[in-house]
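Heads up, there are several structures right after this.
In what follows, chain A forms one complex with chain B and a second complex with chain C.
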Partner chain A sequence: MEWEAVIGLEIHAQLATKSKIFSGASTAFGAEPNTQACAVDLALPGTLPAFNEEALRMAVKFGLAVDAEIGRKSVFDRKNYFYPDLPKGYQTSQLFHPIVGIGHIDITLEDGTTKRIGVTRAHLEEDAGKSLHDEFPGMTGIDLNRAGTPLLEIVSEPDMRSAEEAVAYVRKVHSLVTSLGICDGNMSEGSFRCDCNVSVRPKGQEEYGTRTETKNINSFRFIEKAIVGEIERQIDLIEDGGRVIQATRLYDADKNETRSMRSKEEANDYRYFPCPDLLPIVIDDDYIDAIRQTLPELPDARKARFIEEYKLSEYDAMVLSADHNMAAYFEVIAKTAKDAKLAANWVMGELSKLLNQHDIDITNSPVSAEQLGGLLMRIKDDTISGKIAKQVFEVMWSEGGSADEIIESKGLKQVTDSGAIEQIVDEVIANNTPQVEQYVNAEPDKRGKMIGFFMGQVMKASQGKANPGQVQGVLKQKLDALVN
Partner chain B sequence: MSLDRTDVDKIAHLARLQIEEQDAPEYAQNLSNILDLVDQMQAIDTTNVLPMAHPLDAVQRLRSDLVTEENQRELLQSVAPAVENGLFLVPKVIE
Partner chain C sequence: MFDKTLAELAAGLKTGQFSSVELTQAYLARIKAEDTKYNSFISVTDDLALEQAAAADSLIAAGDAGTFTGLPIAHKDIFCTQGVRTSCASKMLDNFISPYNATVVDKFNQAGAVTLGKTNMDEFAMGSSNESSFYGPCKNPWNTDCVPGGSSGGSAAAVSAQLTPAATGSDTGGSIRQPAALCGITGLKPTYGRVSRYGMIAFASSLDQGGPMTKTAEDAALMLNVMAGFDKRDSTSADRDVPDYTADLTKPLDGLRIGLPKEFFSGDINADIAAQTQAAIKEFEKLGATVKEVSLPNTALSIPAYYIIAPAEASSNLSRFDGVRYGYRCEDPVDLEDLYKRSRGEGFGPEVKRRILVGAYALSEGFYDAYYNKAQQIRRLIRDDFTKVLSEVDVIMGPTTPHPAFKIGEKSSDPVAMYMEDIFTLSLNLAGLPGMSIPCGTVDGLPTGLQIIGDYFAEQKLLNVAHQFQLATDWHKQSPQGI
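Entry: the complex of A and B
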């Protein structure tokens, strides 16, 4: 039987506010345990929440970016459950009147097609603390620094039909929230995490199958693997005569499989009700329009501009526009070197390769955009070849310095003096008599290919510094002279 | 609407409340009475009444995004039953 997967995603994006959603405690990552957890975060008796205006503004920004209805009147509700990292015994969230209503996000797939994914809603809520289960025998350690960090939970429609679509959607949301500056997008620190709802059904069937929810996946690769694995697991289960049980599952990256965390058969009963400690949040058109004026360029617009302004291919434009930091980096280089295609190749090639290898974000790149731009200028004006440029780039990466300094100190300047090049060519011809004879006796249409050997020898003799274009010309001229 | 014993047990479990066997019928009766009152209210025609999110006719005031709290861990943890390495310790919550 042919199966179809149905996927819906819930993304939790930590909003990049300085203070918490309901208290004045800091949200900075990595502090000593419980040093950023104040009386409100600890739910001490008598404390009351005070809502952070920046969290509201950021949520509205997101809503505008996905073309959603903005809740003119949104209300906080209490979601009741007991867990030690949630001191109040409820999570303050928004169920009935979220700040962001129905919107949509367009994703682009690898084959270039686009698909519109519905956004059901996005609501404000608070993050919980962290539980450390392994450090103390029989006890769990609780760090409440994260408790009360503002979250925007972005809920999609079940519109995705493959892991590829799901990852494209998550990437797009990531690109949006980071471009908007409302989330730092750091997945390893948990600032951006994803719950995947997955079910399968026979292709053509209208009705949805039973779904499972895999929680808190924090990398793009794991999202893809977890979904692929879960789809396979469900299909195998059904084909073997079993049935899918609605459950919450955890993704185990080490084993690359999902496992059951808790069954939802005894469904969570959160007993939501409006939070009496918080009044409704009312905003008007002026407020929303003022925020609209502050929206930065969004990834789709940036991609279109890159194609228009820099004549980049669809693919290059998509890759470079998705991350606003990478986009900014690219633009500096493209403008310095005055060659967008060359800049695109270097950012997506050499630079990305080393960044990935060392797991460094482009904002922390050891090579600045100005440095790389300076390097590309030297390729453009023929001071160095592209090959030597890679050497310079590696030095730049590990030791720092400008392209000019490195070229000077390492003596890498390209040889363009025609006298010097001719001399090397003459030596190579003199030292490779058998190959020269072969060349002379070869069919004229084969000679073009054979010249590669001599090119290699000359470049080697010049330690890569000879200008390849010039070498090619001189070689051809001298060898062809021997033919006649 | 009337609640039975199972409903009372479920509500108590959700609220993590321990109840005494002999008190259950009384709780069931009391809770049922509250729901009866709700039923009475449901009978009122509210077609043109907007749902109310809060009894006060006011809107939420907003706080500027400023860090105003200082680290008071020592003070705040002085009332905790168990603390180690700056963490609150609680009975283990997973297997």
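Entry: the complex of A and C
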């Protein structure tokens, strides 16, 4: 039987506010446990929440970016459950009246086709603290630094049909929230994490199968693996005569499998009700319009501009526009080097290769856009060849320094002195008599290809520093002189 | 000296009749000597009080004193006080030393007030008799076999027994007005949002409101001048100017329109109380007021609506008391569930548990619409009733309670009978309106209260009406026998 997967995603994006959603405590990551938890975060008796409006502005920005309805009146609700890292015994969230209503996001798949994914809603809520199970044998430590960090929970429609589509959607949301400056997008620190709802059904069947929810996956690769694995698990289960049980599952990256956390029967009754400590958030068109004015360029618009302004291919423009940090990096280089194609090739080629190898985000790249731009300028003005440039780049990556400093100190400046080049060419012709004879005796239309051998010899003799364009010209001239 | 009002004491401090330290020492000594009879204080803060009094005396000597500088008061033990146990009369918080001050406490400290101590109350403010306190019942100074009312029973008894000239209270369904009536003092529940709730341990967030408990309306105005105001830490506090609440006290009542809801004078109500209330109304007519009968047809629904909404909010508000970060934790929990179950099972008393259970049930899936949403609809009806009547009259009057103080233990086995005692007070909290109770007579040696209800933020009007009554009568000057 042919199966079809149905996937819906819930993404939790930590909003990049300086202080928490309902208190003045800092949201900075990585502080000593419990040093960024104030009386409100600790839920001391008598404390009350005070809403941080910056979180509202950020949520509205997202809503506008996905062309969604913005809730003119949104309301915070309490989701009641007991857990040690949830100090109040309830999470303040928005169930009945979210700030962002129905919207949509267009994703581009690898074959170039686009697909529209529905956004059901996005709502504001507070994060919980962290339970530390390993540090204290036989006990659990509670770190409340994260408690009260603002989250935007972005819920999609079950519109995705493959892991590829799901990952494209997650990447697009990631691209949007980072471009909007409302989330730092740091997945390893948990600033951007994803719950995957997956079910399968026989292709052509209208009604959905029973779904499972795999929680808190924090890398694109794990999202893909977890979904692929869960789809296979469900299909195998059904084909073996079993049935899928609605459950919450955890993805184990080490074993690359999902396992059950709790079934629906064990699910909590959260006893949602409107939070009486917070007033409904009421906003008007003027408020929304003012935020609309502050929206930065979004990935789709940027992609179109890259094609228009830099004459990039569709593919290059898509890759470079998706991440706003990469886009900004690219634009600095393209403008410095005055060659967008060259800049695109380097960012997507050498730079991305090393960043991926070392698992470094472009914002932390050891080679700055200014450094790389300087390097490309030296290619453009023939100071060095593209090949030497790769050597310079590697030095830049590992030791730092500007292109000019490295070229100077390593003696990598391209030889463009025609006298020097002629001398090397003459030596190569003198030392390779058999090949010269072959060249002379060859059919004229075969000679073009044969010149490559001599090019290689000259570049080798010059340690790569000879200007390839000049070498080619001199070689052709001297060899053709021998033919006549 | 102990029969003096805040206003009189302030004058005495200013003219150097006595110092704040002398005043404070006198009150501390009196509490020590007398409170064994009433159990109105949970904690007496001698050191803090004397330190504050000395600081106040320096300010007075330097000529930098404000109206409140050096005046002793007590705080209901629901207000967080830094460095002092803040128990909410619960075993759950018996070990809780608050690391911060409630906004109300901060405001009194800044005004130069002296904190004598923390007063007894029903556990987490849940009760109408002060019998649910972990620290034992508080007793009514008019008859120590009787309850002082609740939940601010300790504050009411302490003012009545002249152990403090005034105290703070909180009112979720009548918790200032009912004990004020039963102990023969003046109590004001301001409009919801007039006084910050920050640091006032939450019972039912949409109903809770702090307010003054005093000997006179004038003192209540002085207290409210300190307490009222917007607080950015309480999103539900009202962002509007605070008038001088003493400014209108002396206005004559000519042409005052009083509405008497027929529902407040029917049903299970003590005949003497009804008569006392009518006599008080006559007094207002003498002062130039006109009276007409009005109707608040949904009054009877306020009890069921209140006993859904208040427990629902409480069930969530009290979730933070889980034995994890502060407060009571059971001995040797075997696992997390055991920690929760026993810490909460052992830390909360029966009335608190009853309300948490009722509230959790009302909010649970499948019942939410039938209970919580329905109660909210009733709440709107009740508010609309009041709005309609208050468009026709300036104030609404009636008895504060249907009966005078009852015997300790008399209603403790019948929660519903206890709940019925709040029939006249609950509806104001549901509507968010301000209300006062002032003494207007006695029944069998026990005081009775007249409730005055006004429009939103009409505290000035209420205080004016109450003050004029107190100028014309002396019910508020009567003290329990032997005091």
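One rule holds in what follows: the second predicted complex is superposed on the first by the 476 of 484 C-alpha atoms of A that agree within 3 Å, B and C clash if a C-alpha of one lies under 4 Å from a C-alpha of the other, contacts with A are read in each partner's own complex, and residues count from 1 in each chain.
Just so it is clear, contacts are C-beta pairs under 8 Å (C-beta built on N, C-alpha and C of every residue); 3 or more make two chains touch, one makes a residue touch a chain.
None of the values given here were measured: they were computed from a predicted structure.
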item	value
Touching partner for A:Tyr315 - first (chain B), second (chain C), both, neither	neither
First, second, both or neither for A:Leu279, with chain B first and chain C second	both
Partner chain(s) touched by A:Tyr208 [first = chain B, second = chain C, both, neither]	neither
Touched partner set for A:Gly46, first chain B, second chain C, both or neither	second
Most chain A residues touched (candidates chain B, chain C)	B
Overlap of the chain B and chain C footprints on chain A, listed as residue numbers	39, 42, 44, 50-51, 80, 82, 84, 140, 142, 269, 271, 276, 278-279
In the complex, chain A residues that touch chain C	39, 42-51, 78, 80, 82, 84, 87-90, 140, 142, 269, 271-273, 276-279
Residue ranges of chain C touching chain A (in the complex, touch as defined)	79-80, 86, 88, 93, 96, 98-100, 102, 197-202, 204-206, 232-236, 312-313, 315-316, 318-322, 324-327, 336, 340, 360, 363-365, 368, 372
List of chain A residues in touch with chain B within their complex	17-19, 23-26, 32-39, 42, 44, 50-56, 73, 75, 80, 82-84, 97, 131-133, 135-136, 138-144, 269, 271, 274, 276, 278-282
List of chain B residues in touch with chain A within their complex	10, 14, 16, 53-56, 58-69, 71-73, 76-77, 82, 84-94
